[in-house]
Amino acid sequence: MSPTAILLLHCPDRTGIISDITRFITENNGNIVYLDQYVDKQEGIFFMRIEWELAGFLIPKEKIAEYFQTLYGERLQMKFSLHFNDIKPRMAIFVSKMSHCLYDLLSRYESGELNVDIACIISNHEDLRFVADQFGIPFHVWSIEKDHSNKYEVEQAEIELLEKEKVDFIVLARYMQILSEKIIRAYPHNIINIHHSFLPAFVGARPYHQAYERGVKIVGATSHYVTEELDAGPIIEQDVTRISHKDTPESIAMKGRDLEKIVLSRAVKKHVECKILSYNNKTVIFG
Amino acid sequence: MSPTAILLLHCPDRTGIISDITRFITENNGNIVYLDQYVDKQEGIFFMRIEWELAGFLIPKEKIAEYFQTLYGERLQMKFSLHFNDIKPRMAIFVSKMSHCLYDLLSRYESGELNVDIACIISNHEDLRFVADQFGIPFHVWSIEKDHSNKYEVEQAEIELLEKEKVDFIVLARYMQILSEKIIRAYPHNIINIHHSFLPAFVGARPYHQAYERGVKIVGATSHYVTEELDAGPIIEQDVTRISHKDTPESIAMKGRDLEKIVLSRAVKKHVECKILSYNNKTVIFG
Amino acid sequence: MSPTAILLLHCPDRTGIISDITRFITENNGNIVYLDQYVDKQEGIFFMRIEWELAGFLIPKEKIAEYFQTLYGERLQMKFSLHFNDIKPRMAIFVSKMSHCLYDLLSRYESGELNVDIACIISNHEDLRFVADQFGIPFHVWSIEKDHSNKYEVEQAEIELLEKEKVDFIVLARYMQILSEKIIRAYPHNIINIHHSFLPAFVGARPYHQAYERGVKIVGATSHYVTEELDAGPIIEQDVTRISHKDTPESIAMKGRDLEKIVLSRAVKKHVECKILSYNNKTVIFG
Amino acid sequence: MSPTAILLLHCPDRTGIISDITRFITENNGNIVYLDQYVDKQEGIFFMRIEWELAGFLIPKEKIAEYFQTLYGERLQMKFSLHFNDIKPRMAIFVSKMSHCLYDLLSRYESGELNVDIACIISNHEDLRFVADQFGIPFHVWSIEKDHSNKYEVEQAEIELLEKEKVDFIVLARYMQILSEKIIRAYPHNIINIHHSFLPAFVGARPYHQAYERGVKIVGATSHYVTEELDAGPIIEQDVTRISHKDTPESIAMKGRDLEKIVLSRAVKKHVECKILSYNNKTVIFG
């Protein structure tokens, strides 16, 4: 894997953007290895993900963002982020009592499938410490009182830890607490949650019980970025599985767990590979 | 296909029901060709579908319901319906302007896949008369005023037609009007609708636009029995298809049409084959 | 829908192709409305579909191919085809006795979903003449003897008709005859077949029976371009559905028919929209 | 969970079997909590799974098999197996170098989802010892020479271990060796394999590479019982996922791993719950 730069950008649509940007890279000796773009015609916005090899590129790595901003960013009213494939993002995982999503993430991490560093696992319960221990990852517990009286100070402590650990993004792997604004605002489009329903159906608590009550024939799971409105952030990935009248809330939950872990891991992978652009509370997912 | 009787029943669960009923049939010389049962343990209710060949059955066809009621129905507090596979139910189809569900139903009917008689097609628009003409099926149009001022008399006329035509059940094949209580009550659990979303997500109007706005990654279609509450009746069948950020409301609608017609036709087939039992606003679907 | 030109091309990969081609279009005043490209890194081949509005484009429509060939085609060893969205391709449909795929295609055509002209329907049986009549499309029958003794002359007559009717591409909508080389060579990558299995499983005759015998839990359907090797051409689209031990060959075939018609129609749509590039017996499908 | 007995049986079909068997249980005071049956009409065979509570059942647990054989088994030419839900089967897992299926099984075991005892993990490589250690499960390694010269003695040692450990069934969790007859015959219908293709497509080695070469649009995974013919045993469960021309053999393998682990675990669960009956190289899977 040779070192590459990845540019994720969006701007008002106009003619010539693609040819401008590809020229910028090829004239500076960059070999484009990935290009995907999309135009939202209703909104008139151009989106692009472009990746090129850094070997031989004439602009030094640390100057690329500045040059790009000067030459194109301002003129084209562009918002962009620049990433390098040889810098691993640092991930924190929040869990409560259920282990399936955590095991799925950790076993992918262990086998090298997830190109991240795991800074720590944070929980409101001791239950999953043994899993963290199995994989040798620091595990921090802050219990939250039932009346939430200590929630503010817990989140304060968590934020301090996240900053100290230089965490880039957070994965809520069936974390059964609602995050407060403070932490959400500290990580915009960098907190990924798994909700165990096919959103927007069954927002909120106990979605499998809701599904059972309504008598649906298919249930789903949804991974999304966390925003201040509950279960309403930009959807990253969804998947579904069939159920029947024979299913109980318990058997639905069991089938659902297989969805949850796969759908969450897919979202984490897309995020880590810089293949997601968020806009207007939606996501553009590059292939 | 030899003549069979089909019994659909439910009653409070207790031991011995299966052995009672199978004995009733086998001791009277009936050869059971299908048996499926299900117990809802939460509610304590027993559900069954049993089908047997009439050739050699000792109880005359027209006496079976009476005997069964006397011998078991009362004692076991049973609700049951009795059907015969050689009596085709009579179906009416309601349509508006879109042809895909109508064509799908009619082409299955034409090829012998749907074991029904189609009594008539009813519409609030002239648009699809040519389809009815292609298949030689009576087409009746009653325009409904925008202010719904004539809705009462239109439905009155429709009910008279349905009665005259001895219609057993109604299929709303993308009929863009809400039926009033009168007609719903005349056909309890005998009106099948297709809603173009994965219910309970996106109830009501323009679900594909709602899906587009929310940025979901999967859309669905739902067939259900019509009850007085809009899009809230017992779900019969659902299916889904993937979409992406590249999809517009128009392309979502196009993909959705393929779901709608398949999901509606599956529901109609299950209904015609007496494989659906409704209970507590849910359905038990026998395999 | 404003008039557009569509360029489908592939060539050996090298740097600068995208910027060359997009510059060609934008410098000549074309507004790009679609661009998708893909590089097969194993083979070192670049693939592209690009579409732009013709209004205001400086090169006259009838000169575009020549200019593009002169300026880029030769230098880049490019193979390309040029299409215009306001010229409808002419389609011929071959059928035998089963109506489901034919009805599906015709009802989409009728509703305007398929942007084609249907030149004619060709069959080896009279059975589906009534469907052609329902839609007012010319229907031609040539019976083929069981010993295939007249197959050569039948295909000769068919080719004459196809030429006379200026047919651009052929759809085999469950046509139960194997085409000979002559007709296949006359329409390279322009004959679309639907095979009722998940290829490469169950090549050849009676795939649903084969699936039943093998005891698979999922069956599929595959649309592909026809090549001289049976059921081995480039795959365009596949889909699957679950079955169980309860399914008979007949019920599998019934479920399969729903797959076949959807999978065939999707392939026809992709073909008509010039979104398929064939290479090395595979397809690149643009989104 | 109260103690239950589970009877899995098949016999030639005739009238009265269901009523005979249900009477046997209810007359002896057993409360039936599960009944599912199926008739293969082509072969004339009746299949049944019936489960009842042992509390209050008049026949002692250890006598049930004998009584059932005497009263029904012989007369009805029945083959049956009797299981008790409070006796956990003992499972051995065979692995090579890939960890995803192993982690999936172990994390389900850890969370109590799989009602088994894991006797041991057996491998031909040291690579996954650390996973076994994480979960505290005995790990045994026997290297097999490239020329297979020691295969016989390795399998002999494995069989001795399996016997010593009283192993009931074996799961091949991406074990990259072909078992010899000896071990297959020792565990008829008790060795579950995961094959990383949608069988019968792509039998044998490197199925993802084969899928890539063929250009399929969907890949699958298949769990099946191991028989002496390679990849040809009774299929238990299959699932599929979409791929596109953009996928490389590596990305197909990555997507496939998610299928493999889910499809294998589902099969193991069905096996452990005594919901699989094998017959004629097919499986009947009870719901």
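Letters A, B, C and D mark the chains in the order given here, with residues in each chain numbered from 1 onward.
By our rule, a contact is a pair of C-beta atoms (placed from the backbone, for glycine too) under 8 Å apart; a residue touches a chain by one contact, two chains touch by 3 or more.
Worth saying up front: this structure is predicted, and the values here are computed from it rather than measured.
When you average the Cα atoms of each chain and compare centres, the chain farthest from chain D turns out to be C. Over half of the residue numbers found at the chain C and chain D interface occur in both copies, marking it as a same-residue contact. Chain centres here are Cα averages; for chain B and chain C they lie 36 Å apart. Taking each chain's centre as the mean of its C-alpha atoms, chain A lies 42 Å from chain B. Contact with two or more other chains is made by residues 244, 246, 287 of chain B.
Looking at the complex, you find that chain A touches chain B at residues 38, 40-42, 198-202, 214-218, 220, 234-240, 244-246, 248, 280-285.
Across the complex, chain D is touched by residues 15-16, 18-19, 22-23, 26, 31-33, 35-37, 39, 242, 287 of chain B. Looking at the complex, you find that chain D touches chain A at residues 98-100, 103-104, 107-108, 110-111, 113, 134-135, 244, 246, 254, 258, 262, 265, 287.
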